[in-house]
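Note that chain A is present in both complexes that follow, paired respectively with chain B and with chain C.
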Partner chain A sequence: MEINFLVMLIIIPLVVSIINFILPRNLQKLFTLAGIGYSIYIVYILYTQKAESASFFGSIILSVDKLGLLTLSFIQLLSFIILIFSLKGLDKEIEREYFILYPLTVAFCNGVILSINSISFMIFWGLSGLTLYLLGLLGKTSDTPKTIKKTFILIGGSDAFLIMGFVLLAYLNPTINWSLNNSQLPLNSLSAYISFFFLLIAAFTKAGGFPFHTWVPDFSKDAPVESAAFLPASLDKFLGIFLLAKIVTGYFNIDFSINLIIISLGALTVITAVMMAMNQHNGKKLLGYHAVSQVGYMIMGVGSGNVLAFAGGLFHMINHTIYKSCLFLSFGSVEKKTGTSELDDLGGLGKKMPVTFTCSLIAAFSISGIPPFNGFFSKWMIYQGLFNQVKEISSLEKILLLICIILALFGSALTLASFMKFIHAVYLGKRISTFDKITEAPFNQLFSNSILAFLCISFGLLSLQIPLSIFIYPALTEMNLIIPDFIGLYNPTLILFLFGIAFIVGISFFLFSPKIRYDNVYLGGSLPEEKFRIAGTEFYNEIRNMKPLKSIYDWADKKYFDLYEVGTKGTFKLSDLFQKAHPGQLQLYLLYVVAGLLIFLLLI
Partner chain B sequence: MIIPYFIIIPLLAAFLITLIAGEKDDWAIILSIIAVISLLILSLFSYITMHTETLSYYMSSWKIPVGIVLVQDALTSFMLVLVSIISLTSLIFSISYVRNLSGDWKYYSLFMLLVAGMNGVIITGDLFNLFVFVEISIFAAYALVAYGGKAEEFEASFKYAVMGSVSSTIVLLGIAVTYSATSTLTLAKIGEQLPSINSSIKLWIGGLFVAGFGLKAAAMPFHAWLPDAHSSAPAPISAMLSGILIKILGMYVLVRIFFNIFDAPQFFLNIFLIIGSISMIAGVFLAVGQWDFKRLLAYHSISQMGYIFLGFGLSTTLGILGGVFHLLNHALFKSLLFYNAGAVETVTGTRDLRKLGNLTRIIPTTSNTSMIASLAISGIPPFNGFFSKLIIIIAAIEANQPVYALIAVIGSILTLASFMKVQRYGFRSEKKADVNGKSIDWKMNFAMITLAVLCVATSLMIIPGIREIALDPVVDVLQNRTLYIQLVMGK
Partner chain C sequence: MKIDYIFYLLIFPGLLFISILGLLIGWVDRKVSARFQFRVGPPLFQNFNDFFKLLGKETMLVKEGVITIFIIAPFIAFAMIVLVSSIIGTSLFYNNSFGGDLIVVMYLLMINSVMIILGGSSTGNVYSSLGAGREIKLLLADELAFILICLVPIIKSGFQLQLDGIVSSQLQNGSYIGSLSGFIAFVVGLLCIQAKMALPPFHIPEAETEIVEGPFMEYSGTLLAFWKLNGFMLYVTFPFLLILLFWGGFNPEGPGIIWFILKYLLIVLLIIVIKNTNPRIRIDTALNFFWKYASVIALLAVVLAVFGY
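So, the complex of A and B:
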């Protein structure tokens, strides 16, 4: 029998996971590494030769297009890098389960991307949510049970919407017989709208878009850091944005007003999440909020209906997974060394962990959109695309779109601000004496962080040559989208050159300026106490306490904006109401029966 | 002819236990296990070999309409297999569990009567005979609910008995009307006569049956007895009641009467849809606020029965398939969940979720199997509940009833929420749980693992090749409507 590579891409990680049940730990690691390495090789083969689609039960189940191939490549790549990070330093108690679940997750995510049949898509989508839940359960903080419950209610609940959306889609398109080729269904009936928005809910929840994002920050805080970098920061982004891209370009044919709704939701995601991120005291939660906020840009780009912004959105998806996993993982190294993820307790670790610090800094520059790092380039493409769009629409839509763009720009600035705080609180400032014996992270962690940081730089400098022309443009060409010529002003080499000059000038000022004296800090003649240390978490308290924002923040603290919390409260209220109707009195119950019978007989 | 043995074996076992077991509980256990295993073998044998055949057996060779006829077709065999599987695991679970109560032979005798009654209901082709079997099993159930002997259990049993009698009265009234209209009690014969009788009388009969058997199926608004009865009974009995009793006495009878005899009139299908969706939503809202583990499960039985009603009410091939499949799946995972609750109660002495803690280390088998069951009932792939719910949702949309599909989706999300609550507080909480030193022995674990494996294995029934053998014959029986009458009447 001929080997079908698409099937192999699911089977191999699956088999690795099953065999890992019986292998001893070290072999588990090697075996997983080999398995995921092999799937990278398969993806490479898929680039060189045309993939045969796979059929089961008489219909085509697995197939891959260029967009899928792009997503698959980065799923394998990120899984491989994060796997290297996980090889050493994982909590011994959870190692066994972790290495069983890890390849399983990869298999299911590959399954989602490869599915061209909506039934198998739903199954793999649900399964990937299940492994997210199981990986989250490995967390050890006291909030883990609560967080994981919330996560899975949101994720599993969105699965139900996905099912409904796909079933309606198949019903409206009886000819396609559950296949997911680009049906371009026009939104002309209520069912079509419901189907569209339900699928959108599923994509938003998975990727972490407003208002279904609330599980991401909590999950990031309470799950093991490896799984936070692996799922909400990387793989779930791929799945969610992949689905979003399919919805807006393939399954449905939408007009610009719908695009505008998606763009506004994206802008809201950007701004709300970044505002929340600024005030976090927990490093992982802060990163989690940024993982949400960055999704906003992807949603804006992919959902905009403009080719350039669409390409930018896809590029941002790739970039985001790279720098966000770098941030998570490097912070993970810090957490493993210091035993805490609270920013108040950290500080001054840059000298002790220089490589980790550098990687973290590069990733922070990337996420803040500083040229020439990769994050800048994709945001730049999104903005350009959106501005191009502005020219072609009515004035009311124009205003709304401009507001969205401004919010997104503002979000970028706040991201930078927030990462100033993060970098300061973890790596700069004064070190607490208990951390004096801290050493640099193990080699495997440094290795994967450096690769990610290297990708941040190279994807920024060579964005046109590598990611865009190898991965993204082919996908666009296949979708019959024409790539506009846009790069008028921006040239990475030139920017690098200018930045380099500025850097050299700065260094020379530093070196040739009059003597700098280093001394201990004194306060009233005595050494300062701990309470005078600037931890950095208080940087933006002014914003927190500003007039209109204060009450909004207070409401956010009371979880008024958390769809899950609001939903829970509402459900319990209704439940109480029903409960009151069931006090355990037999007479009442008999009355129900009589009433029911009477209604039947009256109906007859 | 093996048909009558499905009644004879459990009935005989029940009497033998009282006769020869006496004070010796071990004999009672051995006897009942032998009986149930032979039932399982017989039912599996007939399920596998029969396919689409329909067999009739005339008791003492008296012909219709004088004698009583027993009928076995694919639907019957399917239900018999289900009863045997759940009874067997329930018995195995009981062996150590019931000793914790006041362990004795009476329990096993009553248990066998319960099984005899259910098998009788499934297999009989006579309306009054069906009523008698319903009463046999439900009387055994009253006694078993009160088996623990505490005040709360007596109260639950009393309520159950009152409500049960009300439903029996309604059913009896329905039978009386039927008899006066058709002059026969054989189901097939009634079906023959029906087209010729007054349509308003037909509606009356239907209305009384929906109310009477709907009460036994715990459909809203006839559901209120269920949470008390099912949460107070010993865990293996709760599993029997929630897992199969409400389905056999309620759902199976309704489906048999309305599809095969009444030819599925649209009016009653609409009633099925409406009470199905009310049960689905109200049941799950009631469940999600519960803190008593078993009460929460009991309310979910109402909600899940709603799905089954919905599937059958759609009456398309896909809808019936979904209903039948969900009926099987619900029996499996709900029974498993009741065993889990029983095991937790054995170890911690409480059913209050708030008082439980992290049990994953203390009773790993129970926590893992409960995870499987929770995911299955919430409709998470790859477990069986996902597929049956999916079929029902697809069926609802293809039948152009998207509102019901939406209700099913909402119900499914809330189900997930309440089972996440069970997992979070009951098994994986950050607290340490108080345990009383009792342990879960291998017999209980065996029962739980068996059902957990089945929860995964039955998902395979969705694969086309297997589905054609396992589920399609059952669906055909209901889809072919009144073909049943012709087959039984031998035409």
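So, the complex of A and C:
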């Protein structure tokens, strides 16, 4: 019997998960590693051979295109790297459950990407949400149950929108028979619009786009760091953006006004999330807000309707998962060593954990879009695509799009600022004396972080040669999209080469310095006591207290912008109203009956 | 081809040119500032003497600090300024872009502040940390307005991102400073570079009398020499960028070189005048000023540019 690799890509991790139920812990780890390793091999095979599909019940259920292959490749790669991190250092109490859920999540995510049928897509999508819930439950903070309930309600709610969107899509396009081919449905009826926006809500919620993002920061704070790096930072981004890419290029044929709405939502996501991130005191929550903020760039790129920005958006999706996993994992190493994720309680660990610090710094530069790291290249592509787009639209649309570009550009500066605070609070500044005996993270964690940091650099320097040429451009070609020339100019290898020369010239002066002396910090004669320590979390108090931002921050603290909280309060208010309307008095009920009868008579 | 780039980088308009010009312009700054205060001011080569003297001094490193970052920060900033100056200078003087466009330059320019923050806070000194916090807030303050003013030449040149394209467009159609949007953007740009160079009234991160040079407090010897040199080199980089973006670039024909020198000196003079006539403001005042006034005015310039004014 011929092996169908598409089915294998779901079956292998699924089987690993089931067998992990009975295996002892060490074997569980090895078995999971082997299973994910084999999945990587299958993706490689899929790249080299002709596309195939798998049919069940008489219709094609699984198939893969180049966009799917791109996503699958990085799902397996990131899963493998994060798995290596999880091998040692995971809380012993949750190890068994973790290694059962981990391959299960990979199987379901693979299922989503491979599904060409909307029913199987919905099933796998829902199941991936369920494993997200279960992986989150492994968290140990006091807020974990509340946060995970919130995540489950938001993600579950978005699943309902996904189902309604797909049902409407199938209703509007009966010939496709639940198949998810590129139907290119024009948005010319209310049902089509509703279907489009329902699917958009599902994609936004999964990826963490504004205003459905609120579960991401809370989940990042209260779930184990491995789960946070694995799902909201990596796999959920792939699923959400994959769906968004399919919606805007395959399922629907949209005009520029819709593109503009998506771009605006993307820009809003960038700026609101990063403004929130700046004032966080918890490291994991700060990273969670950045995981939301970066989705904004992907949404802007993928939803722009411009090929260059679309490619940039996909590239940013890959880049984001790399640097964000690195940031989460390296901070995870710090959390495991120090026992806290509160930025106020950390500091000065750069000397004690130099490799973790370096990886974190590289990832922080990448996310802030510092050339020549990978985050810059994808952002640069998105900007160029948007500038290309600006040329061909009316003046008012131009102004709106330019404002979006400005917000995205400024979002980078804010991201940089936020990470300077983060780096200062964790690795620089004065170290608390209790951390004097801290040592570097275990080898497996350093290995994972180093690989991710290496990818940040290599994808930045060889953007055209590796990620774009091997993964992204073939996907665009298959979608019949013609890749335009860059309007700007950026040569990362030349920049690094020349920068290197100038740096060597500079530092050689230091190497020939006459004398070097080591001494304590100088505080004008005062002793460097801990009470004078600057944690760094207070850096942006001036911005926090600035008018009118103060009011907005206060409202955000009161959760006025959190759809979940607002929805919860609204539901309770409504039920309270109903409760008051039913006091148990017979006369009142009789009145309701009469009033209802009157309304009924009036209506007919 | 690579040799050309190395020439641009190391000789002209890169390292040698901007470091010498920067130190000389630094002397102009010191001399004019001295005249403002009824002093005589230093001799012509004082900055050179200071730089070389610092190179010969002992370098102190903080035992408990992250020494690697402390050492490499000034040199990364130095290399970045040399590189950006070469990119800007090559577009100005050779009308030939290499390496990166305006977006790349905007992002690279942030590295100077990043290195000041990392280098300063690597020591664990409380004053350095305070200064680092102020430095990043100052970057945020001016960056929004800076992004907005950089958009004006992009819009006016028909959405060209390459620096030589912006220069060529001005050589053909006249300087953008002649238009209303270009003039407004230039004025806001002047204030932005004042803040980017952390010159009075925006010398908030260093604030000698208050937080004792802030991030530079623990620096000495060669490392301090390079921070000082970086500061002087920025006297060349930023004015050149303003000339490139708004004031017609450099025209090699006729009296072009004289005009260019006059334009450059006028910008430097304006910077020095602003520097000497304003006291230091607080960081929240700077944030308010840039976000609520300068950025709004710069946004107006962007809108005017879209409508062709």
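Basically, the second predicted complex is superposed on the first by the 549 of 604 C-alpha atoms of A that agree within 3 Å, B and C clash if a C-alpha of one lies under 4 Å from a C-alpha of the other, contacts with A are read in each partner's own complex, and residues count from 1 in each chain.
Basically, a residue touches a chain if its C-beta (ideal position, glycine included) is under 8 Å from a C-beta of that chain, and two chains touch if they have at least 3 such contacts.
A quick note: this is a predicted structure, and the numbers were derived from the prediction, not measured.
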item	value
A:I482 touches, of chain B and chain C: first, second, both or neither?	neither
Partner chain in contact with A:L597 - chain B first, chain C second, else both or neither	first
Contacts of A:I22 with chain B and chain C, given as first, second, both or neither	neither
Residue contacts on chain A - larger count, chain B or chain C	C
Touching partner for A:L416 - first (chain B), second (chain C), both, neither	second
Chain B versus chain C as contact partner of A:G506, first or second or both or neither	second
Overlap of chain C and chain B interfaces on chain A (superposed complexes)	none
Partner chain B, residues of chain A touching it in the complex	57, 119, 122-123, 126-127, 129-130, 137, 142-146, 148-149, 152-153, 156-157, 159-161, 163-164, 167-168, 170-171, 191, 194, 568, 571-572, 574-576, 578-579, 582, 584, 586, 588-590, 592-593, 595-597, 600-601, 603-604
Sites on chain C touched by chain A in the complex	2, 5-6, 9-10, 14-15, 55-69, 71-72, 74-76, 78-80, 82-83, 86, 97-104, 106-108, 110-111, 114, 117-118, 121-127, 129-130, 132-133, 136-137, 139-140, 143-144, 147-148, 151, 154-155, 158-162, 212, 217-218, 221-223, 225-226, 283-284, 287-288, 291, 299, 302-303, 306-307
Of chain A, residues touching chain C in the complex	348, 350-351, 354, 357, 368-371, 376, 380, 383-384, 387-388, 390-391, 395, 398-399, 402, 405-406, 409-410, 412-414, 416-417, 420-421, 423-424, 427-431, 487-491, 494-495, 497-503, 505-507, 509-510, 513-524, 528, 532-534, 536, 538-540, 542-543, 545-546
Complex interface listing, chain B residues touching chain A	158-159, 162-163, 166-167, 170, 200, 203-204, 206-207, 210-211, 214-215, 220-222, 224-225, 227-228, 271, 282, 285-286, 288-289, 375, 378-382, 386, 390, 393-394, 397-398, 402, 405-406, 409-410, 412-414, 416-417, 420-421, 423-425, 428-430, 463-464
